[in-house]
Amino acid sequence: MHSIDTMSALVQPHQVHRDIYISQEVYRLEMQHLYRNAWIFVGHDSQVAKKGDYYTTQIGDQPVIMVRHSDNEVYVLYNRCPHKGTKIAIDRQGNTGKFFRCPYHAWSFKTNGCLLAIPLKKGYEGTGLGETESAKGMKPVGAVKNHRGFVFARLAETGIAFEAFFGDSLSSLDNMVDRSPAGRLEVAGPPLRYMHKCNWKMLVENQTDTCHPMVAHESSAGTAVKIWDEMGNPEPRPMAMQIIAPFMSPYEFFEEMGIRTWPNGHGHTGVHHSIHSDYSAIPGYFDAMVASYGEDRTRAILGENRHNTVYFPNIMIKGPIQQLRNFIPLAADRTLVESWIYRLVDAPDMLLARTAMYNRMINAPTSIVGHDDLEMYERAQEGLAADGLDWVNVQRLRTGPEDFDAEAIENGTTERQMRNQFDAWVKFMAPQPAAAARAAE
Amino acid sequence: MIPSRDDLIDFVYAEARMLDEGRYDEWLALWMPEGIYWMPLDYKQTDPDLITSLLYEDQFMLRLRVERLNGQRTFSQKPKSRCHHVIQRPFVDLHDPDANRYVTNTSMHYVETRLDEHFLLALTATHELVVAGGALRIANKRVELLNSDAAFGNIQLLP
Amino acid sequence: MHSIDTMSALVQPHQVHRDIYISQEVYRLEMQHLYRNAWIFVGHDSQVAKKGDYYTTQIGDQPVIMVRHSDNEVYVLYNRCPHKGTKIAIDRQGNTGKFFRCPYHAWSFKTNGCLLAIPLKKGYEGTGLGETESAKGMKPVGAVKNHRGFVFARLAETGIAFEAFFGDSLSSLDNMVDRSPAGRLEVAGPPLRYMHKCNWKMLVENQTDTCHPMVAHESSAGTAVKIWDEMGNPEPRPMAMQIIAPFMSPYEFFEEMGIRTWPNGHGHTGVHHSIHSDYSAIPGYFDAMVASYGEDRTRAILGENRHNTVYFPNIMIKGPIQQLRNFIPLAADRTLVESWIYRLVDAPDMLLARTAMYNRMINAPTSIVGHDDLEMYERAQEGLAADGLDWVNVQRLRTGPEDFDAEAIENGTTERQMRNQFDAWVKFMAPQPAAAARAAE
Amino acid sequence: MIPSRDDLIDFVYAEARMLDEGRYDEWLALWMPEGIYWMPLDYKQTDPDLITSLLYEDQFMLRLRVERLNGQRTFSQKPKSRCHHVIQRPFVDLHDPDANRYVTNTSMHYVETRLDEHFLLALTATHELVVAGGALRIANKRVELLNSDAAFGNIQLLP
Amino acid sequence: MHSIDTMSALVQPHQVHRDIYISQEVYRLEMQHLYRNAWIFVGHDSQVAKKGDYYTTQIGDQPVIMVRHSDNEVYVLYNRCPHKGTKIAIDRQGNTGKFFRCPYHAWSFKTNGCLLAIPLKKGYEGTGLGETESAKGMKPVGAVKNHRGFVFARLAETGIAFEAFFGDSLSSLDNMVDRSPAGRLEVAGPPLRYMHKCNWKMLVENQTDTCHPMVAHESSAGTAVKIWDEMGNPEPRPMAMQIIAPFMSPYEFFEEMGIRTWPNGHGHTGVHHSIHSDYSAIPGYFDAMVASYGEDRTRAILGENRHNTVYFPNIMIKGPIQQLRNFIPLAADRTLVESWIYRLVDAPDMLLARTAMYNRMINAPTSIVGHDDLEMYERAQEGLAADGLDWVNVQRLRTGPEDFDAEAIENGTTERQMRNQFDAWVKFMAPQPAAAARAAE
Amino acid sequence: MIPSRDDLIDFVYAEARMLDEGRYDEWLALWMPEGIYWMPLDYKQTDPDLITSLLYEDQFMLRLRVERLNGQRTFSQKPKSRCHHVIQRPFVDLHDPDANRYVTNTSMHYVETRLDEHFLLALTATHELVVAGGALRIANKRVELLNSDAAFGNIQLLP
């Protein structure tokens, strides 16, 4: 039987216990602690562009609504009527006008959650309803932060502050947004929704697992290269080949790519270059950028080719192509992956077309590359049931003690970022220091 | 050669059977060089380009997909998946010999299985057909899953 | 972790804890205690009209058989062979003749459960089989009562007596039966079977929830009224309109309707009038009643227009239309609703035709009114997963302490009956007093 | 006008498509004023009147059902359900122009989906058709679910 | 709540507690103890005839691979990569050549499990990988024994030895193999795979339950006899009738058949004769046997007509027809039954044809005889949910204390073999004596 | 009598309906005396004899199967199972009047239900038909389940 006190025993510097992946008890503890204490991605504010627009989603296992209030701010409320618990909204998105109205007994609430009206209100005179939590309306989550359009929330009332949690890792998010001449992104269509019968952490670890592509994706990328060969390598290579071929890059490529880790479990691959480096230039884009930023700044922005940036605990972004993947934990052995793409405002459509192609080619339930990966995850979820070995190894390129509170850049094939995530996992599974709490006020 | 309505209908039946029997070379040969296989992600999606689709593949991608299925290192296909169609009689929505354009609309159920798992997809396929080289060919094929915006596990073969 | 001792803490006078609806542990405790201690509806004796007729059903999570024995009494037996546990009957109903025969090894039992014969019985000579429970045959439940055709049972050997449990609430059941000129009902066909992904108590509470129809059913009843309007309100209104239109009655209507509560969690809406009041008279019915009862008694019987009577814990009857709904708890978040209708013996068929129409229009899985309600329940079951608020509010019109041991009549929009149910819930979840036990002997 | 057997068959295909595409006004227009849509509850049920059915609806009820689907306050349809038929070629069980009575028997699968849920119903539909105003019309439609006596969640659209 | 210490309380000499069948906790304890301590059937070595051939299966809930190593021995390895847990093989069978290669990051292993190579191995220099369990490769199970082609394994490192566990019960297995003129069997095709929603022990007990055929199979065998009658009992009876008719034999037949029990839960029906006794002779078989064994030995071999031999805990073999059934426990209420058949090397095909017919007629998901049995098991699994009675009776022909450490032969309708199984169940659920452990070294 | 392609197709539709409606005597009468109903266990199985099949039954076994369904002591059929086919239009793979051999290939879904359980099988049936006594008869029927090697619970009626 697991309890919050036994969690740290599941993580050793060089290996982690399989229960972290297969125990439903550990999953429940993650929902109660990790997903309450950490800052979790909720959505993009362009999904709720107009006042009254709302979007229903979840934080960990908590149903929430992201909504644009009349003060034009984005609020995140628990999707739960304070009367009898009915979900206020079920549609994935919509516009509720000036207020929410519960469909069961028509209690209504302002779009910041405050109770607005109760039909036949006199029925509550003298009942003391005013003293109950119910009278306060729809409860907001502990804290919300809209960082350049990306909305994050912390369920816990108190805890680490947004800036303290993400620190310099925000540079990846900023670079993704800076790539818009207008410095703004807009969500482009609905996300892919891909169900995985495995633990959510396997997916997060895979984002910086640079030793698997040439092996696991040989079937897709390798075959693509082979066919192209047979066709005599005609140039220019179409977008599809530009996207899929780099998955077959040799180990050296990934070693030199480099990996950077930041405190609190964040990190990214592609410090020096990435599989996105050699995408052919899109006519008109560079000029549009220069017009906005000037040439030096433009070169600096586009010079970054970070591959995958992991924001602990459960999202990954690809700055160069404006993609965000959300690894939503549904159970110890069940994860829903949403893959979102964004439009660079004022940039040529062709960039978005390439991003859309990347998304469907690599991350769709129908994607051959996706099939390669999912097969590995589901095999591992089943394999970990074997008593042969209780531990999962994460010690590649760990030659001594590591300090994860310090930013570091290492060889691109290190598993340090996986270790960094587990260091943060232990930290945010534990009760949070009051100090941090105060800091957050 | 001017195809009759029954020719169009027979063609759609025959195409589904090729997929079920894994006769992929024959199947690829049915396509026009510019043909696109489109499976939208959004319900009633109109834009294939600037928002994500489940599939939007040209002949190169389809050939890649087919060749991968038989690769020695294609682990997600060891063991192999199998698929099966039950299609309703196609509707002939357009039969225009002058323009050499023919369109059918077909409700079908697609079952895919691997090991002890299997799933069923309810979908409607729209075939744009043309006559080329004296035979019917697929100019474009659009496959709309009834619940295209639902969450799916692997869909490895082709409806 | 919940235990029987923590149950009372889940209920406060004005609110109840969400775990009462979403905790599978609480569900198991309900099956082990509440559904053992209380009197539970089993079936109608017209379902087993002839000797040897049986009907298989459940009490809580216990599989049982209701059977007509050779003494013409109705028995309720556990559906379990005393040899190796095989269910004796699987069909929903049938006739077993003079005895049950287990399909596995052919042990046979009288229709009162007593062991009748064992093939090759000599194999048990000198084994001491006689001292085992198995030798007794199919075990009967703790107590059975057939009240005017309605069969109830208590699983526990000892406990509260039938009359003490239901008290004056039986007046609703009696009125339903009295509406037959012959004073007898007969089941009319199979029940609707409607699966709900929610807790059973949400459905029971809904039966006296008079503040939801005009809101939740606006989509169905409101649209019906609108269409009828567009048609110019032709008279006479067809049965369908008579049935559905009253769901749109204003709050005043429901306030004045009144609610009565009885001890042990029973109660009903429609003290003074109900949505069934204005059903047009059926030719010949009144005369048939007068012929049986005389005019005064007939007016008294038909004068009652009780809307929904809840018999705690999990059935509801509509006297005026001879409908019974059974809310069968399958899990914390799963409830099977069976909706039964009965024929008034010696009354015109037209009454039954209206009842059948009511049943399919309002309570079928295909019913537009049913869709309105189920949506609310399932939304609430999901919404209660939100940590935003731990309590469900039930304090409408509760202005002070309440004594549920006393019958009371209040404004029709009170939530007192819901509170009454939770008062009884705590009472019957607890160990039962030996006194009551003695009383039951 | 005397409908051929193929006319009857085409009519049944076309009706299913109307339902799948949500063309309800067209669909309601197919019905005779006295037409009843009957979905029995009991297996092989013969009495529509004195025992419960799943559906036994006249034109008023069907219109109510259809208009409700688009209501602003129809919460069980936010988001909307979608449905899909795959029907086997109908059998023409009766073709009697003199009596102006035509009966078809059609095995079909019906899939209904909403959000991430979906379910499949196996059923057999019996269409009683007549010619009125020079076109085929539905005099009555009976839909028998293979497991009509099983427990169901919401069935919100029409098989 | 159950624990390993409470297990013995679930078994009494004459009855067993229902939790043994319905408690998921008991199931988990069985996986952790019984299926670790006992010798479990893995497969037949003809399934991995050539070097590099492998077959994936499970022992209890543990995924394993049976593989033919380069030393020509059969190894049983946990199907789990020591890197991150990925299952090494998913196909039911195949040939992996000289080594296994993990599909995720290409670690490779010899076919005896030893680590062979790691890509970019320098990444582990100085990390201490060598000191981890991971560096050892794919872990083999505790012990493996190939007895005349039938491969058994014990997960526990130490414990009872193979010979001590099976003792004289191997005579049934030997007789099955001896029936080949070459003294060798070969697997014939894939097994039937039949899913049962019941506990695995119900199926094992049924193998020696001689009081059910004439009752439960009356529907199939009885009808066959009736039809044959109506056809005037033409002779010779076809194979199908020879196979199915004996299921209707009278109680006397089964009484006289006799039952033998061996220590550790093994036993068989058909000491003196069996339902397989009267199969018509197959031309050429007897001569082939005599050519190999001489006439006396041949008569001795074919003289044995053992019906069902149960090898505790979860397989049954039918020597006379070379069938093996594996009752694979998936959950307390879920069992997968695999029914395998084997070819008698050098015997006429007609014997195998009859065996194949027996397998499909009696043990297929589409078999009318199988339907009879499954209905009983699933009814019992549901019936045991009834609180009416906590115990399952197994006392037929138990007139006094029994010593299961001594081989015994009794009346064919005794339930002694069921009691023998439960005696062994208690023994191997308990911690194993160090003595036994030493013995095993 | 020489059957047209439509005759063959109609025959296959009619046979499925007989099974769904439980008209087993009529169904048995469709068979030639030597006819075998084969449902392989192994995918693409060729040997019916020396490895296990799910079904490989002659007329005696089929009659036994059918009579058992109505037996008073057939507990696995109290209550009874029901089945339902939705079949795609059959392909006529062989139409050889001279040899009196006709072969059809039919994709179908089979649903079987009992109490609140039901399951769907995706399968392809091959009918070998001959003309005998002036009518079409079943010489052999082969039913290939898409996932024939998967684990199944009871399959009690006939696809």
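Descriptive notes on the structure:
Order as written gives the chain letters A, B, C, D, E and F; numbering starts at 1 within each chain.
Keep this in mind: contacts are C-beta pairs under 8 Å (C-beta built on N, C-alpha and C of every residue); 3 or more make two chains touch, one makes a residue touch a chain.
Fair warning: this is a prediction, and the values are worked out from it, not measured in the lab.
When the partners of subunit B are compared with those of subunit F, the chains appearing in both lists are D, E. Within the contact network of the assembly, the step distance from subunit A to subunit D comes to 1. The minimum number of touch steps separating subunit E from subunit F is 1. With centres computed as the average of Cα coordinates, no chain lies farther from subunit F than A.
Matching A-D against the pairs in C-F, C-D or E-F identifies C-F as its interface repeat (over half of contact pairs the same by residue number).
Here C-F and B-D were compared by C-beta pairs in contact; the pair with more is B-D. Among the other chains, the CA centroid farthest from that of subunit D is the one of E.
Inter-chain centre distance (subunit C to subunit E, centres taken as mean C-alpha positions): 48 Å. Computed from the mean C-alpha positions, the centre of subunit A lies at a distance of 33 Å from the centre of subunit B.
Averaging C-alpha coordinates per chain places the centre of subunit D 52 Å away from that of subunit E.
Under the contact definition stated at the top, the residues of subunit C that touch 2 or more other chains are 90, 103, 216, 375-376. In subunit F, the positions touching at least two other chains are 73, 75, 86-89, 109, 115, 120, 150-151. Arrangement of the chains shown, judged by which pairs touch: an irregular graph that fits none of the line, ring, star or complete shapes. In this structure, the chains touch in the following pairs: A-B, A-C, A-D, A-E, B-D, B-E, B-F, C-D, C-E, C-F, D-F, E-F. Listed in rising order, the residues of subunit F touching subunit C in the complex are 73, 75, 78-79, 115.
Looking at the complex, you find that subunit C touches subunit A at residues 14-15, 18, 21, 209, 211-212, 215-216, 251, 255, 375-376, 379-380, 382-389, 391-393, 395-399, 411, 413-414. By the touch criterion given at the top, residues 90-92, 94, 103 of subunit A touch subunit D in their complex. Considering their complex, residues 39, 41-42, 47, 49-56, 58, 60-61, 63-65, 67-68, 71, 73-77, 149-156 of subunit D touch subunit C. By the touch criterion stated above, subunit F contacts subunit D in their complex at residues 13, 16-17, 20, 82-89, 109, 111, 113, 115-116, 118, 120.
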